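Before any comments, here is the structure.
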Amino acid sequence: MKKTIPTDSSIHTGEVLFNKEVAPGICRMRIFHDEIARTSLPGQFINIRVSNNMEPFWRRPFSIHATHADEHWFDILYRVIGIGTQKLAFVKSGEIINFVGPLGNHFIADPAITKTSLLVGGGLGIAPMVILAHYLIQRNIHPIVFYGVRSQSELCSLPDLQALTSDIYIATEDGSVGQTGYITESVDAFLRQQTQYNELNIYACGPNPMLDRLGQIAELYHVPCQVSLETLMGCGIGACLGCGMKTRNSEKPYVYVCKEGPVFQAGEIDFSE
Amino acid sequence: MKKTIPTDSSIHTGEVLFNKEVAPGICRMRIFHDEIARTSLPGQFINIRVSNNMEPFWRRPFSIHATHADEHWFDILYRVIGIGTQKLAFVKSGEIINFVGPLGNHFIADPAITKTSLLVGGGLGIAPMVILAHYLIQRNIHPIVFYGVRSQSELCSLPDLQALTSDIYIATEDGSVGQTGYITESVDAFLRQQTQYNELNIYACGPNPMLDRLGQIAELYHVPCQVSLETLMGCGIGACLGCGMKTRNSEKPYVYVCKEGPVFQAGEIDFSE
Amino acid sequence: MNKLAVTIGNLTLKNPILTASGTFGYGNEYAPYFDVSALGGLISKTITLNPRAGNAFPRIAETPSGMLNSIGLANVGIDAFISEKMPYLRSLDTVNIVNVAGFTIDEYTEVVQRLEDVDGIDGYEVNISCPNVKEGGVAFGSNPNITAKITANLRTITTRCLIMKLTPNVTRISDIARAAADAGADSVSLINTLVGMAIDVRTRRPKLATITGGLSGPAIKPVAIARVYEVAQAISLPIIGIGGIMNADDVLEFMMAGATAVQVGTANFIDPDVCMTIINDLHSYCEREAIQSVGAVIGSMIM
Amino acid sequence: MNKLAVTIGNLTLKNPILTASGTFGYGNEYAPYFDVSALGGLISKTITLNPRAGNAFPRIAETPSGMLNSIGLANVGIDAFISEKMPYLRSLDTVNIVNVAGFTIDEYTEVVQRLEDVDGIDGYEVNISCPNVKEGGVAFGSNPNITAKITANLRTITTRCLIMKLTPNVTRISDIARAAADAGADSVSLINTLVGMAIDVRTRRPKLATITGGLSGPAIKPVAIARVYEVAQAISLPIIGIGGIMNADDVLEFMMAGATAVQVGTANFIDPDVCMTIINDLHSYCEREAIQSVGAVIGSMIM
């Protein structure tokens, strides 16, 4: 895919403006930081030092969820799953957080060829979609959001999305709201109904099986599809070579997600492993 | 020295009632715990797990400073010096603390042979002297407190001591209050003025050089002297064999402070190292 | 049937949790904290022919996720062990394994010979891996020939369970394990501590009086798991895994790597009832995962 | 005079802080975070004759106070290194040490031969200690004869500073160090990672695709300090200490144990500007302690 030049990354500290549970086990944290608020691009992430000691040892990466340049803040949205996110959930407003960023490349939008974008978020994969929808609207691209979760209670940031677009499709695995089943099938159904595909594209973030399936759907309809990946990250800056994903290109069997990603064309990645 | 049977030790949790700075860099923590409040003896200590993670790795030992059986609490008094005590200082009232105790032997008082005791505390060595003074008074032994610090600002728990005895001698190294110099010299001066020594004894806790000098003074006047020692402690329960002090007895070259102490006759210990 | 039972040589342990020598005293130190008889087995502090005061102080130092020690096999000596410590150990309803060491090859034989007459001993763990003594110790355990010799000598004089305790401070631990296995050991236990050192930069003094010591605790767990896995590929004897175990997950990790049982060491210092917690958690694990015998976990890593 | 300057062979480093190979990429990765020219020297990712994609994923795992890696010497290969990476490295105002490896003894010679013609290289660090490759690597570095052979071969073809990087996964590292010293090395650097392993007990899968990997970070610092001290007693060459350095105190600890310079590895992942912080803190230390040259700290442990 076209190479993008990421914004300069640095080590920053920022004050936490709030950090609250927005759904069971899911928190949203707002950090005061003018530079990130102004310069970060959709799909980029920050790498947070969640503790001053060695537990956990590595930083923890989180997508930038939303930004507000005038108010100098940005948000992350995260699920509490292990020691790092547990510690993060304990941070109180007023405390100072240390992070590296903005890191990685970003979703690419070209208004000359795209009029409508499908933004597909699975679970916490919704995180980059708020900043992305905002970004697209500024570029006159119409965002249609597809949001899949296990159950209604996990839905986050709907008001943010609704403020940006009225086209929001929801699928839940348990059928508690929206379509029952996987969000990929809603995307498939949507695409099937279209009459032309050349001004469409897809942006997606979520579990690998979802991205894999979505890549297949996109290929079927010949719609470009950019996916944002997650892997374990030792450094986040391209130094440890720990964050690889297998590609379909035997000349370059791996891509490094932190530096060459996290955003890739779906077709580049080999999700089979 | 006469062997004492320590109270049964267990792993406990207790609620912190308060934890506040009482002098620059010195905190007092009150813990709600009926059993410790009722059963612990002067000189015994508890071993606190100051964090849930591995920093610091070991527990940290602190003398029992004061107890209140009816109100079911006990206090510790501690100086913030490194990672463990820094974390301890962050604990808020209402939080639950995990500790092992009561540990170790204790100061021994025999009203049949002792009428007056000199309680000598150097710096944080004052910690066990409050519970000890209380204990002695209950046994009709009159406590005279000798309290040495570097400077007036470091004096702690004077009201507690004053409530128990009016005989309090203070020495400061900088002369900001009381005698100028080491408290051991105040003890020496006091003893020099006495006419008889057979109903006296000394209890002491503080830096090793102080205890060493005090032992010499005690020997001079043939006054029994019990000292409470501090060493690094890996376990606090007699298992790691890490907490040794050299003795003057070549048959038994080391004593283990956590289990055989922390209280010893001054004459047993070789402070030369 | 007891789901947690495992077998080491002629011994059945009611669960895979043993205590690591030198971290559990002679057992009674822990009696206030839990019912010591609940253990799969108790391995006592290394016993030598003569009492030893041990090395000079400081003997311990805290390190990132671990600690250093240079106790130097301080122990009461075999006579006092038999007269003062055995009665308590004998009274327990658990497997009693006595850890032994010598400073010459013959001394190992001598110590075990003395213990052969003593009732209530179920097995020996032979410490050929102590990094904190000048003679014997790790010097023996890093040499396959001496390892074989000590093992063979002891095998001729005892039918009790014979466990050789190995050092990780060698180029290939499986060579040593094979030597012990071929010479008749019933099991090997690993790892003893890694040689380590720390300096107090304020005083410029080593944190241990002996300068170097042995590193233990969670810091060494990845090394221990790798060694257990290596040895499990090399020999068919049951392996006892040691190093940095703090909880039941750590025990499962060792067993998946190939250990039949484990020893809990430094963790006892942090939580004196940790072995009881681990045993309870292993029970819950087997319930939750519908495992009929914890033996099914041994070597069950999926590649 | 620069208080922090130290000497390794024919090189003067403006301070004792080098970056550990494989943790600092080819330098440019860190350019956003501090002025890389401030380093005492930069040691780049191991270079091999052919480009290598490296091992399968997962290649990294978090462990108590450390991490495991099994990168497997993924690198761009010597051609791309020279054409794509050297221009940036050459532009820096710091000592540029290239870490090299081969899979046969001759390959080491071949790689260095190729680099001899390249400008802007001040020295070589020879990786005979990688635990994550099947051929060469730690198998070479645990054999004193092969160590001597590789060292001697390279000594005949280069006058540039020659540093042999040693593995701790051996019975006696000083034997290997002596072999390197006698064969003409200018310095030895130690330690490379300890062999380690971890299993995810939920999935029962090893946390690394290669099963075992190399342990780094603060967890291994006590082992590294002990090895530096051991080698410092055995040879008179300058030693470069590596393992678990997170801050200036850790650097001083290595130097007191006998290291002339150090390498900062895993810490760069946690704080990409950690080397700058350390250099500043070393300056302050020398000021505060009125030390005229940091060289005075080397081997200054008091016994």
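For reference, chains read A, B, C and D in written order, and residue numbers begin at 1 within each chain.
Here is the rule we go by: a residue touches a chain if its C-beta (ideal position, glycine included) is under 8 Å from a C-beta of that chain, and two chains touch if they have at least 3 such contacts.
Bear in mind the structure is a predicted one, so any value in this text is a computation, not a measurement.
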Minimum number of chain-to-chain touching steps separating subunit B from subunit D: 2
Chain of greatest Cα-centre distance to subunit C: A
Pair sharing more residue contacts (C-beta pairs) when A-D is set against A-B: A-D
Subunit A and subunit C: spacing of chain centres that average the CA atoms, whole Å: 48
Chain centre separation (subunit C, subunit D; CA means) in Å: 34
Interchain centroid distance [CA atoms averaged], subunit A/subunit B, Å: 57
Residues within subunit A bordering two or more other chains: 54-55
Residue list for subunit C, restricted to those that touch at least two other chains: 63-66, 217-218
Overall pattern in which the protein chains touch one another (line/ring/star/complete/other): ring
Chains touching one another, given as label pairs in label order: A-B, A-D, B-C, C-D
Interface residues, subunit B side, partner subunit A - complex: 53-55
Residues of subunit C touching subunit B in the complex: 22-25, 29-30, 32-33, 53-54, 57-67, 69, 71, 74, 217-218, 268-273
Residue numbers on subunit A that touch subunit D, as the complex places them: 8-11, 49, 54-59, 100, 231-232, 234-235, 237-242, 244-246, 252-254, 259, 273
Subunit D residues within the subunit C interface of the complex: 63-66, 68, 142, 169-171, 194-199, 201, 203-206, 211-212, 215, 217-223, 225-226, 229, 244, 249, 252-253, 256-257, 300-303
